[in-house]
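Each of the next two complexes has subunit A plus one other chain: subunit B in the first, subunit C in the second.
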Partner chain A sequence: MIIELGHFAVITALVLAVLGIVSPIVGLKRRDAVWVEVGRQAVTLNFVLISVGMLAMIYAYLTHDYSVKYVYATSNTKLSIFYKIAGLWGGHEGSLLLWAWVLALFCMMAVHIHWKTQPAVMPYLISIESVVLTGFLLLTLFLSNPFERIFPVPADGKDLNPLLQDPAMVLHPPFLYLGYVGLSIPFSFAMAALFSGRLGEEWIKATQKWTLAAWLFLTIGILMGGYWAYYELGWGGYWGWDPVENAAFMPWLVATAFLHSVMVQETRKMFKVWNLFLIILAFSLSLIGTFLVRSGILSSVHSFATDPGRGLFILGFVAFMLLLSFGTLILRSAKLKSQIEMDSVISREAVFLFNNLFFLVALITVFVGTLYPLLVEALQFKKVSVGPPYYNTVFMPVALGLVFLMGIGPYIPWRKASAQNLKDLFLMPSLVALGGLVFFLAVGIRHSYALAGLTVVCFVAVAIFRDFAKISSFWAKREQVGRLQGFLTAYKKNPRRLSGILTHIGVLVMIIGIIFSTIYQTEKILIMKPGDEVGLGSYRLKLIRLYGAQGVNWEAQEGLFNVYKGEALIAQLRPQKRFYTVSQTPTTETAIHQVLMGHVFVTIPEVSPDGTWARVRALHNPLVLWVWYGGGIMGIGVILNILRKTRLKVTAARPQAAAPEGAVSLPRQAREEVLQHRSNRWQSFLNAVRPGRKEV
Partner chain B sequence: MKSGRKTAIIISALIVLAGVGYLGFGSFGKNLIYFVTPSEVVAFTPEHYGKKVRVAGMVVKDSLKVVPNTLRLTFDLSDGAQTIPVAFEGVPPDLFKEGQGAVVEGFWDADRTFHSHMIMAKHSEDYMPVEMKNAGAELPKKDFFKTLKVE
Partner chain C sequence: MKEMAENKSPSAGVRGWQIALLVGIFGLIILFYKGLWGNPSFIPPVIVGTAAPEITAPDLYQPREVTLSQFRGKVVVLNFWASWCLECKLEHQNLLAIQKRFGENPNFVMLGVNYQDKEDLARQYLQEHGNNFEHVRDLKGRISIDYGVYGVPETFVIDQNGVIRHKQIGPIVGETYTFLVEGLIEPLLNGTATTS
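What follows is the complex of A and B.
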């Protein structure tokens, strides 16, 4: 009964989503505030209804209702409560429901937050968000319904994939979805700006924190996926250019480019069309990414063909969204020609331009690498895959270039830098970087990318800390306080700039982690018997014994390893070869000992049936933790950026607020905007939308 | 704005694009790995010997042999019509076993054996991309940066 209630709630949500598309548009056409209000209420109600659907599913999980097909496929009575709930997004159907739920939640939040400050674009926003929601609900209800029942009712569920029974994996998909869906808000604002013709900077200002939050979630999701692959899959690496990984990476790349290029529009009113293009592209890529991963199209056109309904719907929906958004952009772009043009190649604008260029090159690389095999298969009936060397050759120089720009961009002046500027800013970092290069050569680093990478990191680090020292002492002198206090004052004066730079420091830490943990990784794969030893960098690993172990839903063979540094025993490791009895799947459980910021990492992929020997894969990954520490610092930077106070301007000013006597002193543009609002015929209904301002 | 500056910006952007484009797409063909079936492998002529390909098929029952005290194992891979012997050295993935689908990466050589260093086993779970019957998704992935190592 509960499941039917949930099902019915989601069906109702679909009807309301369609209403949410239509009614705000009708409201605009007929200048009738009531219709817009209907749309607003539909948004709130949709969230409630989809929540009911989610709760019904969770109820089915907790009560072991295996008459629900999807619950049967992704759960089991033996699972802990945590994984029972996580089963909801452990498969295709449930994860689409989660997508729709997050979308409804964000849409409701956006409407709530921006209703007062951005009333003119709200009807468009509701309508566009409802289009996306309708698409997802159609897909959920008609092509992959999680509420579907089976008969006869199975006695027990098939179990959640053991690989997914891991905390990082449980949280990884929701974070990715928060990121994907979070991008839909800036996208909707951009589309609303296009439709309403309000193409100034306000949509960028309104969506800045949304974009930052979406970017943060996406970053966390990707990093968690990397950690899961490292720890749970046991391949000792965190990134493999897998098409599924690429699907999440593509929107991330564009969102990052967008976060940088909006600053140019804010400060210099340039890149207007470009910014619209980027945010539309970012959200389109998150739609494409979701569908590629969830439809199975990605790895094979054949599986796409096995469910033509789902595949075709997906293709149709993505095509519709692309046509709608890019079509509108092209039709409107003539209006957006920037009056201001770039003054010099040596300026902050140009740095941002190159930043965007690099990100776009990175995107094209990943896009081609991911989709080319699909194209070949569709056209030639051959299967190909694109190897990691393809990605590496492009990514190394692009990443180096981007990191280098990080050392220049925040400091180089807008418009045009003079030779004196450049000397002041970059002479010292360059000299230190040169010194660093000599030092790295002296300590025996020979790998060309490691050398180049570390030298560039030196350059950027010195540029950043030099700037920190300068602003700290500036404020310390001015406020007559200590240097640290001066730094805090500087942060208070310009939190955005400093939190941005903190994010850059995170990137540097991550780059160092990546360089060391990959280029200087030691890997040994061998057969070991109890008593055998293997050297691993400056560590030694000794297999003591092999024995059996047992858990609630698994059995395992476990190995006991001693880790030595010199003669000292520093740790004991117990990797396992597990066998999950319900789902009949084996997994390899990693054992990790942390050394400094690196890892000694052991897996036993195979143990002989009589327990006399094991295949051992042992790794020393120096500084590997810096990859995630760096991610953490990046995250803190972005969170500080989100938490800083901003005041959203009321864009459709009330008539009395735009007092004509003040207008004389207003800058020309603001005055024009006020005049435009006053002549705006929608104003009447916009006033009426606000409570207590009914116009008769 | 002077047109000279504009040209400078455009030219420098183009140089960057061309450089990176050359890096990526210049070696694109080399980095493609073709999927083939055991039947196609059997038909390989000497010019195909030593070229890296991926072969998808079923691991033939009772064909798996472990060479004692080494990382080597041998098995037969079949597509129903043809069967090829595979010599593998390394760590096979968790889901690799007889009677199931697998994809092996490696090369065919004059000794009429497929030499492989990487096996991908078929993964039935819905979370992973649903693969075609004979292809797999559970990769014992090599970290991409390791491909940078000078060997």
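What follows is the complex of A and C.
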């Protein structure tokens, strides 16, 4: 019964989502706030209803209700509670329900947060978010229904895919969804701006933190996926240019470009069409990514069921969204001419322009590489795949260029930099970088990308450090305090800039990690018998013995390896060739020992049936932890950026009507204002929409 | 960047990128639509049991061209690999073992096809992991396309008449190795092979 209750709740949510598309628009046409209020309530109710659906599914998982087909397919009585709940997004149907739930949650939050400050665009926002929600609910209910029952009821479930039975993998999809769906809010704001004609900087300011949060979630999701590939898939690498990895990477690239280019619009009111284009592109790529992954039209390590009917529906939906959003942009673009031209190629806006160009080149590279096999197939009915060499060839120089810009962008003045500016800012970093290059050559680094990468990292690090030192001493002098205090003051004065730069520092750390763990990786693949040894850089690995092992739902052949440094035994490693009995799936369990900031990494992909030898893959990945530490620092930077206080200006459609709201800067006053606002929300809405629309 | 273009020639500039964008969107939708009717994990069955497409490719080590037709009358094992491919490394020792086992037989040839790779990386790979058979380079991906290869490693077994008898997707390890050696290559060489 509970499942039917959940099913019914989600069906009701679909009806309300359709209502949420229509009623705000009717409200705008009729200038009647009641209709808009209906849309707003529908948004809240939708979240509640889809939550009921989610809870019903979780209840079915916890009570082992295998009469529910999807639960049967993705769970098993032997699983721990954590993985039982994670079964919900362990397959196609549940993932879509989760998508819809996150969308409803974010939409409710956005409406709640922005209702009082952005009343004029809210009806559009509700309507657009409802379009997206309707699409996903239709897909969930009609083509991949998680509430479907089966009869006769199986005694036990088929088990969650063993590859997913891992904490990083359990959290990887939800974080990606949070990122994808998070992008829908800035997207909806952009669309609302296009529809309402309020095309100024408001939407950019209102969506800053949404974009940052979405970016953070995407980053975490991608890094978790990388970590999972690293040790669960046993790649020993974290990035393989797999089409599904690329599907998540593409919106990330565009979102990153967007986060940078909005600053140009905020400060210089340039790049207006460009910013709208970028955010529409970012969310479109989220949808395209969903399509690519869910329709299974690309071959990848992520094996999802393919179903042309389902794919066709998602395609229809994606096509509709693409045409709606880009079409509106095209129709509205004539109104969006920027009044300001670039003053000089040597200016911060120019750096941002190059930043965007580089990100776009990176995007096109990945996009073409991902879709090329599809294109070849469509034209010649043949299959091909694009390998890492293609991506690396284009990607490396672009990445180097982007890192280099990181050392320039934050410091070069807006409009036009003078020769003196440039000398002051970049002479010292350039000299130190040059010194660094000589040093790296002297210590024997010969690989061209490693040399170039480390030199650029030097340049940027010095630029950042110099800036820190300068502002610290400036505030220290002015406030008569110590340097550290001065730095903290500087942070308080401009938290956005400094948290942004902290993110850049994270990027530098990550790049050092990537350079060392890929270029200076030692890899040995060989057959070993007990007693055999293999050298691994300055470490030695000895296979002691091979034996059987058993877990709750798996059996394994395990190898015991001693790791030596010189003559000293520093660790014992136990990699496994594991076999999950319920789902009849083999997996390769990695054993890792941490050395300094790197890893000694062992897998046994194959063990002889009689257990006398094993195929061993042993790796030494120096500084590989820096990749994730760098990711952590990036994350902290973005979190600080999100947490900083901002004053959201109340912007009504009619400036005169909004006059008293100009004083909202004081917190106390703001609170009173809000309270008052709530009491006559209807009236304020009427004020906001009644006068003719204002073109900004 | 767009803004600058617009300022210079409002109408022409605007129309240009708008049309390009629309064309791009429609192109993408059509491509996706066509892609839906393909199946990425589907292997065209026609290829097994049909004549192996001809290969003309440069040898990895010597300045000469290798053709498949020169091996007519022999059993040919064609292995597609790349230095960046992890699973290729897993099967590599087994490939060496196959060559060791049958290499003496004048009716057996194993040919590696290096796929989407850099020449120096390919050579370095063979130096590290060992090599005892001949390799050619698939310079333009042409051979891979002819053979319908969509990922490495893939291995083809071609009989004395130039007919593809088996296509193996993924690494030759464990049971696959036993099947390939004892169930396929040996019977073919002995002339005792039934249909596979």
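Keep this in mind: the second predicted complex is superposed on the first by the 644 of 696 C-alpha atoms of A that agree within 3 Å, B and C clash if a C-alpha of one lies under 4 Å from a C-alpha of the other, contacts with A are read in each partner's own complex, and residues count from 1 in each chain.
Throughout what follows, a residue touches a chain if its C-beta (ideal position, glycine included) is under 8 Å from a C-beta of that chain, and two chains touch if they have at least 3 such contacts.
What you see is a predicted model; the values in this text were computed from it and never measured.
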item: Clash or fit, subunit B versus subunit C on superposed subunit A; value: clash
item: Contacts of A:Glu606 with subunit B and subunit C, given as first, second, both or neither; value: both
item: First, second, both or neither for A:Pro388, with subunit B first and subunit C second; value: both
item: Touching partner for A:Ala350 - first (subunit B), second (subunit C), both, neither; value: first
item: Subunit B versus subunit C as contact partner of A:Glu37, first or second or both or neither; value: neither
item: Contacts of A:Ala378 with subunit B and subunit C, given as first, second, both or neither; value: second
item: First (subunit B), second (subunit C), both or neither touched by A:Arg617; value: both
item: Touched partner set for A:Asp242, first subunit B, second subunit C, both or neither; value: first
item: Which superposed partner A:Leu315 touches (first subunit B, second subunit C, both, neither); value: second
item: Partner chain in contact with A:Asp532 - subunit B first, subunit C second, else both or neither; value: neither
item: Subunit B/subunit C common contact set on subunit A; value: 235-237, 296, 298-300, 303, 306, 341-342, 353, 357, 382-390, 523, 525-527, 605-606, 615, 617
item: Residue ranges of subunit A touching subunit C (in the complex, touch as defined); value: 235-237, 270-274, 277, 288, 291, 295-300, 303, 306, 308, 311-312, 315, 318-319, 322-323, 326-327, 330, 333-334, 337-338, 341-342, 353, 356-357, 371, 373-378, 380, 382-390, 523, 525-527, 605-606, 615, 617
item: Complex interface listing, subunit A residues touching subunit B; value: 73-74, 90-92, 161, 163-164, 229, 233, 235-244, 293, 296, 298-300, 302-303, 306, 341-345, 350, 353-354, 357-358, 361, 365, 368, 372, 382-394, 396-398, 401, 447, 449, 514, 518-519, 521, 523, 525-527, 585-588, 605-606, 613, 615, 617
item: Contact set on subunit B toward subunit A in their complex; value: 1, 5-6, 8-9, 12-13, 16-17, 19-21, 23-25, 27-28, 30-35, 54, 56, 69-71, 90-95, 125-133, 135, 137, 139-150
item: Residues of subunit C touching subunit A in the complex; value: 1-4, 6-7, 10, 14, 18, 21-22, 25, 28-29, 31-41, 82, 84-86, 89-90, 92-93, 115-118, 121, 129, 141, 144-146, 148-152, 173-174
